[in-house]
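As structure tokens, here come the structures.
In the two assemblies presented below, subunit A is common to both, partnered first by subunit B and then by subunit C.
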Partner chain A sequence: MAALGDRIAGAPPRGGLSRWLTAERLAPVVAGLAFLLLWQVYVEARLPDFVATPLGIVQAFPSTLAKARFWSDVAATLGAILEGVFIGSVAGILIGVVMGRVRELNWFLSAYIRALYALPLVALVPIVIIWVGYEPAARMIIVIISAFLPVAVTTADGTRAIAKEYLDVGKMFGARTHHVWFGIALPAALPYIVAGIEMGFARGITNAIAVEVLASINGMGMSVFTQSAELNENASLVYVVCLAVFAVGVRALMIRARRTVAPWYGG
Partner chain B sequence: MTAVAAASASLSRRLARLRSVHAGPIRLACYATSLVLLFAAWQAFGDSFGVLFVPFTATVRALWAMLDRGPLLGALWVSGELYLVSLALSIVIGIAIGLALARFRLIAAAFEPYVFILYATPTISLVPFISVICGFGFWPKVLVSVLISIFPILIGVMEGARSIPNQHLDVAAMFGSSEGQLWRDVVVPYVTPHAMTGIKQSIALAMAGTLVGEFFLNPDGLAAVLLEGTTTLDSASVLAVTLFVAAIAVLLVSVGELIERRLLRWRHSAIG
Partner chain C sequence: MPPSDDPRLVVDNASLHYGALDVLADVSLTVQSREIVSIVGPSGCGKTTLLRCVGGLNQLNGGEIRIDGQRVEKPLPMVSMVFQHFGLFPWRNMWSNIAYGLMLRRTPKAEIARRVDAAIEMVGLKGFEKSYPHQLSGGMQQRAGLARALVMEPKLLLMDEPFSAIDAQTREQLQFELLRIWDRRPTAMMFVTHSIDEAVLMGDRVVVLAGRPAHVRALRRVDLPRPRERSVVTSPEFLNLREQVWHDLFGQPTDGETASRGRGVRSAAGRK
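Moving on to the complex of A and B:
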């Protein structure tokens, strides 16, 4: 009762709801519902039964989530992504600082890093499969590389672009090389690094799924394809929804992290 | 102790001067040694992993054989068509949607959340659904590739058009610009660099999109050549095609950077 009273007291006295319910707030809901409705009606009217529909996906959720297989898929894929992105990011930060602070090493390594960075990593999957086989290790390697490359590139860019005043002040106070690298350059590059990790996650998620499907490794991406091949389209889309929620959640977290470490960068 | 410190300080100062005076040659030397070291190591260790790995020269021979009368040029043609069509569509549709989202507030409010959700969702996971609805032909592949490559352009154009300073629009309104003149004289020049930054990213992404479309809908083009080598454990041909694809990727990225730099120079000269 008290909570209800508080809520009423806290709400604007009159016209509160209608003022809150502006066209801008309503528009995405209307657009989303219209899209789902159109999808449902179109599939029911024109396409075969097994094609996924929004209602079908909702109904498939409990039965899919009740299976042990679903949770082992989630653990395998998300575990590999988190672990791989962590390893790749740490390695990328270390190599990136070195590349950013020592020009000669940057020149020495940049040809490979830039070439690999330009290359769509799906193209590396076949050779990795040849080397390590149709094993989860292939997924781990690709995820590590997916995170390593953007983090190394952004860390190098960030640690290279430090304001000269910082370095001068550091030198004046007798900073040694490791002070400059990890005390000045690395914190100054934090927003770049977070942007790199954000990109690493995006690529890591995509590439993890790609490896799973190409190398038949058990996981969420593999199940999206096998469920679809067994005409369980709705269950397949349940996996897609979960992957999308994970991807959107990670992106939101990274955007928040970027705002925390570097509020002056905005957006 | 002090003598040693002084000597090391003067040595490091001389080293620093050497590094800055001879930066150009040192740079070239770094590139050269790193490439030579890679190819030497590749050549030296190429044989020690059995069939899994082949020396550099064997890879180049395989590449040459595949280019000469093998499947590579035909595959390149197939992939190239998919690449160009999907890049062109990404540019046209991305700019159109980006401008629409910037210009019409209600449309933006309605669709922006979904644009970002679709951007974050791994497109590969949508492939089975797309193939159920659209089949396995050329256009479903284009759809997959466009979904992968369109967003940098779309978001770049949208944010660019939104950041047009109000003064520009006010001045245009004051001089009685029509909607058409406003677009030609204010919006398009202002948005072009933002679009170009997005296009530069999409030039690289469309290649990933092309390969994903080819890998996961029915295999075709360069992806099919890669997969064939994988199933037969033909590491020479897989390494050769991977190298080939990497060379194309570097070339495309450089072209994108070149276009952007040209455009930026034009923009600076136009302003300054």
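Moving on to the complex of A and C:
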């Protein structure tokens, strides 16, 4: 479209922005703006003024971000997610490699890990609270398990599905068991592992918020509810927007990570 | 057993079966220390299986394989293999793929660098050290596969249809480069192929493996001069040998196979 515009006689030369801004890229922006406008107009016209509006959320940003409480919430929740996913992923990778490479261990563990993987982990929150009490440790435990399960499953699948020729090469050139596990199986499974960690983050975020609400642990999820309960809907949604930005950012980072650690995997 | 002239590799009455399926039956052959022995046979006849047994990747059910007198029960360090589908690790760059075997042996770093660089030079991959396999053509990947095997300075080199996954022109180029490399440092080589031309071109002897289970149907000495130049493929000796091997494979009705079936696949077999 931009290229066509360039050719129109007398039209001023277009910059990089207009070339980048194609109809395809513009469409979601238009749809989003239309939705926000509809939201704004409808709430102003029909609903009480404590109900959140897009402009209200924007206005609530500076005051919310100015509070020390906001930043302690962010540090608590995102810190727990990052730490928990890290611990869960490392544990998942180690167990997953062993499960993938030692058939007998897979027989013992696979059924349980896969059953837990299929279970909504929120169901475990009451049990974890009984163990550790209404403490941040409950959130940490749930996040660790949330990341551990998908990473263990994908790592096990990835390390089991190695091309036979790689194993032959390893044997031929004198690879011992640990060389095969960590020098062949693990790198071959990297694309699977990154996918597992991405899933671990998605579940970790969801479950961290759920635990905060269910166990009244201070954090972003808790504040979403307290702010909302105090009729600060706009401030509540500031937290939601920040969580969404974090989730989208992590996903983008994971896609990049996969391209960096496994450039051969395509995509 | 030849008592005086000890061959590097002895395959002695090798037999192998998977369950009820007999794959190899009493296969015997030898490879001398500076000799290339081609193993030719139809696809799926068991020649790769035989090579894998020599490499220690598969186990025999009967008979035995000895390399320099040592019985093969697992891969031996003095043996290297070049794989049909290259078998390069996609997460290692070319240099580090070639260094793989030496790294596993904890060779000193300086020595690894020296030997890997020399091997890269030898196979003509200079300048591609940092490239990853997915960035290289099939021909270049197999050059790296060859360098990875050569850098180990093996006493026996096993070639598992190394050029069959490479386009025809590059294949021809690589065949002559391998011959040139071998001329500089002759070593014992077992070269498995399904191409009669390639078997005759590479080998000092050609073992024709055929039948079900596979057995040695014929053994041909190739008295073509070395170093082998490109012109050799048009010489009457070459064409004559090619014809003989073809007849070994398809010409004689043995084991209930008919001569007419052999003639029917002549053109296909000749071109493969």
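The working rule: the second predicted complex is superposed on the first by the 241 of 267 C-alpha atoms of A that agree within 3 Å, B and C clash if a C-alpha of one lies under 4 Å from a C-alpha of the other, contacts with A are read in each partner's own complex, and residues count from 1 in each chain.
The definition used in the following text is that contacts are C-beta pairs under 8 Å (C-beta built on N, C-alpha and C of every residue); 3 or more make two chains touch, one makes a residue touch a chain.
The structure displayed is predicted, hence computed values, not measured ones.
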item	value
Subunit A as common anchor, with subunit B and subunit C clashing or fitting	fit
Which of subunit B and subunit C A:171 touches, first, second, both or neither	second
Which superposed partner A:108 touches (first subunit B, second subunit C, both, neither)	first
Contacts of A:221 with subunit B and subunit C, given as first, second, both or neither	first
Angle, in degrees and to the nearest 10, that opens at subunit A between the C-alpha centres of subunit B and subunit C	80
Per-residue touch tally on subunit A - higher for subunit B or for subunit C	B
Which superposed partner A:118 touches (first subunit B, second subunit C, both, neither)	first
First (subunit B), second (subunit C), both or neither touched by A:69	neither
Subunit B versus subunit C as contact partner of A:263, first or second or both or neither	second
Touched partner set for A:205, first subunit B, second subunit C, both or neither	first
Least C-alpha distance (whole Å) that remains between subunit C and subunit B when both complexes are overlaid	9
Subunit B and subunit C footprints on subunit A, overlapping residues	none
Residues of subunit A defined as touching subunit B within the complex	23-25, 27-28, 30-32, 35, 47, 50-52, 103-104, 107-109, 111-112, 114-116, 118-124, 126-127, 129-131, 202, 205-206, 209-210, 213-214, 220-221, 224-225, 228-229, 233, 236-237, 239-240, 243-244, 247-248, 250-251
In the complex, subunit C residues that touch subunit A	52, 55-57, 74-75, 77, 79-81, 83, 85, 87, 89-91, 100-101, 104-105, 132-134, 148, 152
Sites on subunit B touched by subunit A in the complex	19, 23, 26-27, 30-31, 33-35, 38, 52-53, 105-106, 109-114, 116-117, 120-129, 132-133, 204, 207-208, 211-212, 215-216, 222-223, 226-227, 229-230, 233, 235, 238-239, 242, 245-246, 249-250, 252-253
For the subunit A and subunit C complex, residues of the former touching the latter	165-166, 168-169, 171-175, 179, 184, 187-188, 190, 261-264
